[in-house]
Amino acid sequence: MVDPKSDMHMTIRVKFFASLREQIINPNTEVDGSQAKTIGDVWKLATDVPMPPHVLCSVNLEHQEPDAPVNDGDEVAFFPPITGG
Amino acid sequence: MVDPKSDMHMTIRVKFFASLREQIINPNTEVDGSQAKTIGDVWKLATDVPMPPHVLCSVNLEHQEPDAPVNDGDEVAFFPPITGG
Amino acid sequence: MPVLIKPEPFDPIAMQAAHEATLPTGSFGATASFIGTMRNVNEGDDVIGMMLEHYEGMTEKELEAVIHDAKQKWPIDDALIVHRVGAIEPGQPIVLTVVWSAHRAAAFDACRFLMEALKSRAPFWKKETLKDGSHRWVERNTPGY
Amino acid sequence: MPVLIKPEPFDPIAMQAAHEATLPTGSFGATASFIGTMRNVNEGDDVIGMMLEHYEGMTEKELEAVIHDAKQKWPIDDALIVHRVGAIEPGQPIVLTVVWSAHRAAAFDACRFLMEALKSRAPFWKKETLKDGSHRWVERNTPGY
């Protein structure tokens, strides 16, 4: 977990949805933004497991590929294929 | 017009719809079934004008081509391209 | 799978709801519907009224045949066609087609098929009254695809 | 062109009618609508309930983007998307998409586009409760075309 005394602007918030939220046990919901250049880096900092195939990603509510860049203050989310409608 | 004393089973009823009903002045609404082998014959017996292009035809409420056969007692209808919906 | 010809104004949404209430709950997953409404403009001219003529007997028969054909092509639970005839004002519904099915592809395809088949087969004719009081027969339908 | 996320049951037909009442009379000629309803069977199993999860903020944004894209592709007068979230029972509506347009081709195409785009882009996830009390995530959508 991130040191609560660290600058909040240096963190990236991480969210997991649906089956992924149930499968990823105790992920970090904030990671150090200075250590993450891409969404893939955020996954590695937030979890202990490899990213499963077919995981979808977003940055600041926009769909992105896992190699997309991230910045301090971003909200990154991971979720399985969507099944609405 | 058909002689009202003739056998009703020997007549073919003829109907015109929409713009055709307005254009064909005083058509015969019954024609002698013994003189008509096809829908085209019915047109000639019922009107004084050639059949316009794109006229649609039916016999007994079924779409038919102008060369389709007709029989005593049939109801034959002529109408322009349809514009419902 | 009812077919209705309405000489008076009808509420398509209420008719869709009323028919749906007769279907078993949870049985269908997809409802596709189309409503055709009279516009106040056609081909660039202001239109203030319309007379919709039909061939009683044949029209109903063709509408039933259209639903029959849709049932042969797609797995549909139920369908409804309502079509207005007589004197119609702008803003009033002209036609309603609804299809209920398990899945959306069949519902969309069949609902659109009902409209296109209806427009090519069911004997209806529209005569418009323009703003200047003149009348004209509508000569063709707009393309459906 | 509203987008609504509903945590409680909604009446799609009433919502379609209410939104339509805000549009100018006689302006549109074609209304295509789709309602997705929860079935009591999926992939051969009896389903007694469903939890529909979404990503608040992103879901609304994607639905608005879907309508924006439809407006770029077709001449549409208005559109409406309503989507349920939370605990859903069989027979309850899940989604409504409606498009109002001058002509039917655009209405049909755009309504179907809204559904397909929504299903591929808007973050929603379904978890079913089966008759035996077990739960499972729905892993994929049925094909739309």
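When the chains are written out, they are named A, B, C and D in that same order, and each has its own residue count from 1.
One rule holds in what follows: a contact is a pair of C-beta atoms (placed from the backbone, for glycine too) under 8 Å apart; a residue touches a chain by one contact, two chains touch by 3 or more.
This one's a predicted model, so the numbers in the text were calculated from it and none came from an experiment.
Comparing the CA-atom centres of all chains against that of subunit B, the greatest distance is found for A. Averaged C-alpha coordinates put the centre of subunit B at 50 Å from the centre of subunit D. Separating the centre of subunit A from that of subunit D, both taken as means of CA atoms, is a distance of 28 Å. Per-chain Cα centroids separate subunit A from subunit B by 75 Å. Contact with two or more other chains is made by residues 85 of subunit A.
Contact with two or more other chains is made by residues 36, 104, 115 of subunit D.
Checking each pair of chains for touch leaves A-D, B-C, C-D.
Residue ranges on subunit D touching subunit A, taken from their complex, read 36, 52-55, 57-58, 61-62, 83, 94-95, 115, 118-127, 137-141.
Per the touch definition, subunit A reaches subunit D in the complex via residues 15, 17-19, 56, 58, 61-63, 77, 79-85. Contacts from subunit C toward subunit D in the complex involve residues 13, 16-17, 25-41, 90-91, 102-105, 107-108, 111-112, 115, 142-145.
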